[in-house]
Amino acid sequence: MSQDLKTWPHHELGKELSNWGRWGDDDEIGTLNFVTPQKRVRAAGLVKTGRNFDLGMPFDKDGPFLPGGFRVNPLHVMTFMPSDTAQAPDGLITADDMVVMGLQAATQWDSLAHVGYDGRFYNDVPVGTVKTTGGATRNSFAKAVEHLISRGVLLDIARLKGVDRLEDRYEITAADLSAAEERQGVRVESGDILLVRTGWYQWFLEGDRAHFMGDEAGPGLDTCRWLHDREVAALALDNWACEIWPSQLPGANIPFHQVAIRDIGLTLGEMFNLEELAADCEADGASEFLFCAPGLKVTGSVGSPITPMALK
Amino acid sequence: MSQDLKTWPHHELGKELSNWGRWGDDDEIGTLNFVTPQKRVRAAGLVKTGRNFDLGMPFDKDGPFLPGGFRVNPLHVMTFMPSDTAQAPDGLITADDMVVMGLQAATQWDSLAHVGYDGRFYNDVPVGTVKTTGGATRNSFAKAVEHLISRGVLLDIARLKGVDRLEDRYEITAADLSAAEERQGVRVESGDILLVRTGWYQWFLEGDRAHFMGDEAGPGLDTCRWLHDREVAALALDNWACEIWPSQLPGANIPFHQVAIRDIGLTLGEMFNLEELAADCEADGASEFLFCAPGLKVTGSVGSPITPMALK
Amino acid sequence: MSQDLKTWPHHELGKELSNWGRWGDDDEIGTLNFVTPQKRVRAAGLVKTGRNFDLGMPFDKDGPFLPGGFRVNPLHVMTFMPSDTAQAPDGLITADDMVVMGLQAATQWDSLAHVGYDGRFYNDVPVGTVKTTGGATRNSFAKAVEHLISRGVLLDIARLKGVDRLEDRYEITAADLSAAEERQGVRVESGDILLVRTGWYQWFLEGDRAHFMGDEAGPGLDTCRWLHDREVAALALDNWACEIWPSQLPGANIPFHQVAIRDIGLTLGEMFNLEELAADCEADGASEFLFCAPGLKVTGSVGSPITPMALK
Amino acid sequence: MSQDLKTWPHHELGKELSNWGRWGDDDEIGTLNFVTPQKRVRAAGLVKTGRNFDLGMPFDKDGPFLPGGFRVNPLHVMTFMPSDTAQAPDGLITADDMVVMGLQAATQWDSLAHVGYDGRFYNDVPVGTVKTTGGATRNSFAKAVEHLISRGVLLDIARLKGVDRLEDRYEITAADLSAAEERQGVRVESGDILLVRTGWYQWFLEGDRAHFMGDEAGPGLDTCRWLHDREVAALALDNWACEIWPSQLPGANIPFHQVAIRDIGLTLGEMFNLEELAADCEADGASEFLFCAPGLKVTGSVGSPITPMALK
């Protein structure tokens, strides 16, 4: 329990925007419920040229994490090599591999079991439902996997502001989102998967992990109501925290995550590479596309590594 | 080098069906080149009702592998728990997790670096390009990831034969594939991702791992020319080996894999759950859909875990 | 908190035998304090012939654990192979490897952070000192590692009872320990590391994992006072639980562990292979030796894999 | 095969010093054969005061490896937490953990399967005996584990030279070893486990990983004959490579390893913390002790993590 619950403004906001019970007491996917079959049909209809954009960060030892932290870069190891079939009469060669990785390593989804507060996750789920052995028994990403195909919309806040990348700790506001819509001639609708570009991914592309993983631009609490009202299904950014870091609210820890994930029931995506897609959207004036990033159905998982795709 | 290269019939067949050089000497994705932008546009156009089918096996400790083999079931572990933020002033709780798993654990793609013979992989790539440190430096699955969205077609061989599941070691032939097309009123075309149902997945659903991982029904060498001529982009089955096991060719090891992957350049999928999708195709008479299973862009990877989706 | 604390007889016993505070409020190693420098000098003096006995179970995929449980057998993987140095001008070949394993896989020590009750570990350490990230911040095995060299004494309860191995669920009593001392002509003293043989390891050697990991013979609560009074430094058995399983006390979970580890502060060892050593002790009539099993200093660890050695 | 075998001076030296066949064609432990039972008896007799020195580096995420290399620091994860037994009627709490680590992470032994040249490991073992699945089928560390208890002797080259730590790339010579013996009044004998101090470990203690893992002082090829003639059983240093790095022989890769491991059959130890032990040896004038570092019996292993102990 937080020390003085009533005084935390993000918790007050969360109460206002809460979607608990909206899709029943047993619901585990929150705003992904906005991705209806009809939504998917319309999303598929956006594919006009068949161009495909890979929005994923590679999973490998040269990933974003600095040494010594609690998240580590993926470890890829071979488990079978061509030399292991040297005796095959017909000359067979074969290879197998394995990976040791955080489900939050590189490009990823945060499920509704990832963040909560005051002992509760989304939809009044008690903290004890996440177990060391077995993982998330409620709100697991495994429940979300099939819902992550919908219309994608990109809002480019860096271009809105006329910069390559936003400044450290720039707070993206609801007004920014609306202004980006207006500039790009697109409107975020119910069931959309919203991709917000800060330009932050350029730090990673340039090899500056310390800056990429440092104080970052991102949405502030101010955007929560906007995201709630527009019925966004999932939100993804091109930085590591999916929100301004550190928070501008003293004493609060990732308050945007708290409200977005726990109260609104919003699945969040991190470390998306939006550079090429954004350039294309700017070039052709079309900021909507078929977005597809189902991830992996790992039982009890809190998150999922993904290589997301956008088809235009 | 195999003991007497000229006498192996599957290698003779492979020479005939070889796609080496067809897309240039540097090509690393083989028949996935058939998935053109135009193909993706047409595939997206197949989404009529928005119903989504999850074709994935869960990734967890209760996976298909029996103890003692070289492939093991996924190990999911929590790396951060709500108790770790007990001191957060605002009551934050959060969870993180990791996985240790073969990239061939459960539902998966085999890349063109997975199988070859006589010291060569697809497109004349030497065996030494697969390294213990770094993995596949050529033909890696990381190159394939963005190409695995296309039209999917399901051919149901079990229903063709009027059985729940095919018999152990039943060899699926080219004639079976053509007969299934005729029965279902669909024709496999260039760039399709072909899903072939044997009913084998039922052994897994029933908990009989030993049977599921044992002698199985699947395509024989006879289907290679058919798959080549139809310009299939990728092939996936609902069993563990994607081909009849053991081979009917004495002394040969997974000869279908050898020809399909190394010579034709065909990406193979394994352990797809086709039960629900097949029932739906039978019910509505539509065996085509938008298929989406991009997998994970793991640098140097030979395969990829996936949770594939079919949208109708 | 247990439902009705006062009524649990093992907790009453624990209170009587408690060593909390005996070596100061900051002590983290409990009865390993009995292993004094003088004790080590005398233990070294027991080496008469230089014969060495390996008491370890191999660490590999064919370990004791059945599939589906929360403990899994070790996974050993190569990370560097001779083929990776194929370009070395001077013909260098080299190999490296890694392991994924539970610190409780195969032969192992349980530290004082492994088991407690009513929210407390040994020496009044609160449950929250074990963290998901960082592990045991108190009572970690890392603190114990240098103390696990002392005089070892083997008591062979199977031979005492005239059997190859004890019956399932046979409860070893204090009287058994004393009788074994008398039969073998040895007396357990302060600072000894006591090895108690049930013959159970034979189930593993015969490949019967299910029996090995099943209901087992082992010490009951009755032995706690004896172990406490004799000032045993550490206790190890040749079975998986180091105590009779299941407990004969209805509703109690590994009550011997609870009292031994939490209250007495006794480090426990499991899955020791005592077969060869016991035969030698029987043959030469000497049941004491220099025992050495320091284990690994893994920061925050709760246990340690070991390959223990006995020198006579 | 190296490009011009006859011209490599370290291979010429290796031929001269070869112990192949000395202990039979099936021998897999090389100079560890010098550790006879009699040797162990005499070693145990060295324990006079019972003081124990822990020579190990902690195994954890803050280990010596810089990011991006093929060796990574250990990853310790909890697999069972007290919260997982919240329902236990008697209040039981318990914790379990696991580790993902290179067997060469932190303080470790290199087995005779670790390094060779020209397609052969120690005792004419072909390169193909190291398999990706299964590891080292010959010369595995699992064979060595019980032999790593013997007399230990410390030679302090840093103190010999009057410095805290040797300069980068200082080459330790046979003359240095003899001079250190003379200064310390000790003589290295058959079956000894020799610890050579460079002072290099101080870089690690100071947190300068880049320097610790960089160009280092260590034995050159010149010491091989000395080590061979003295019948050293195993050699360990306080740096990462156990030899001068980079080699002073142009084009040669870790040539000391090649001769020592492959030709002499000498087990090598790395990253030993000799600081405290060396100070004690200097203070009391006794440079010999009972050395004990059996390591882990991992089937097929090439190396082993250890926490070595020295008893005086």
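Each chain gets a letter, A, B, C and D, in the order it is written, and its residues are counted from 1.
One rule holds for everything that comes next: a contact is a pair of C-beta atoms (placed from the backbone, for glycine too) under 8 Å apart; a residue touches a chain by one contact, two chains touch by 3 or more.
Just so we're clear, the structure is a prediction, and the values are computed from it rather than from any experiment.
With one step meaning two chains touch, work out the least steps from chain C to chain D.
Minimum number of steps from chain C to chain D: 1.
Tell me which of B-C, B-D or C-D has the interface of A-D again, with more than half the contact pairs shared?
B-C
Same or different, please, for the chain A to chain C contact, judged on whether over half of the interface numbers appear on both copies.
Result for this pair: same.
For chain B versus chain C, what separation do you get between their C-alpha means, in angstrom?
46
Could you give the separation in Å between the centres of chain A and chain B, each centre being the mean of its C-alpha atoms?
27
Enumerate the residues of chain B that touch no fewer than two other chains.
62, 70, 78-81, 83, 98, 100, 131-133
Hey, which residues of chain D end up touching chain A in the complex?
Residues in contact with chain A: 61-62, 66-68, 72-73, 75, 78-81, 83-84, 86, 100, 128, 131-133.
For chain B, which residues are in contact with chain D within the complex?
Interface residues on the chain B side: 70, 77-79, 81, 83, 98, 100, 132-133.
Given the complex with chain C, which residues does chain D contribute to the contact?
1-3, 5, 8, 10-11, 36-41, 44-52, 54, 56-60, 62, 70-71, 74, 76, 78-82, 85, 88-105, 113-119, 121, 127, 130-132, 135-136, 142, 145-147, 149, 251-255, 257-258, 290, 292-303, 305-309, 311
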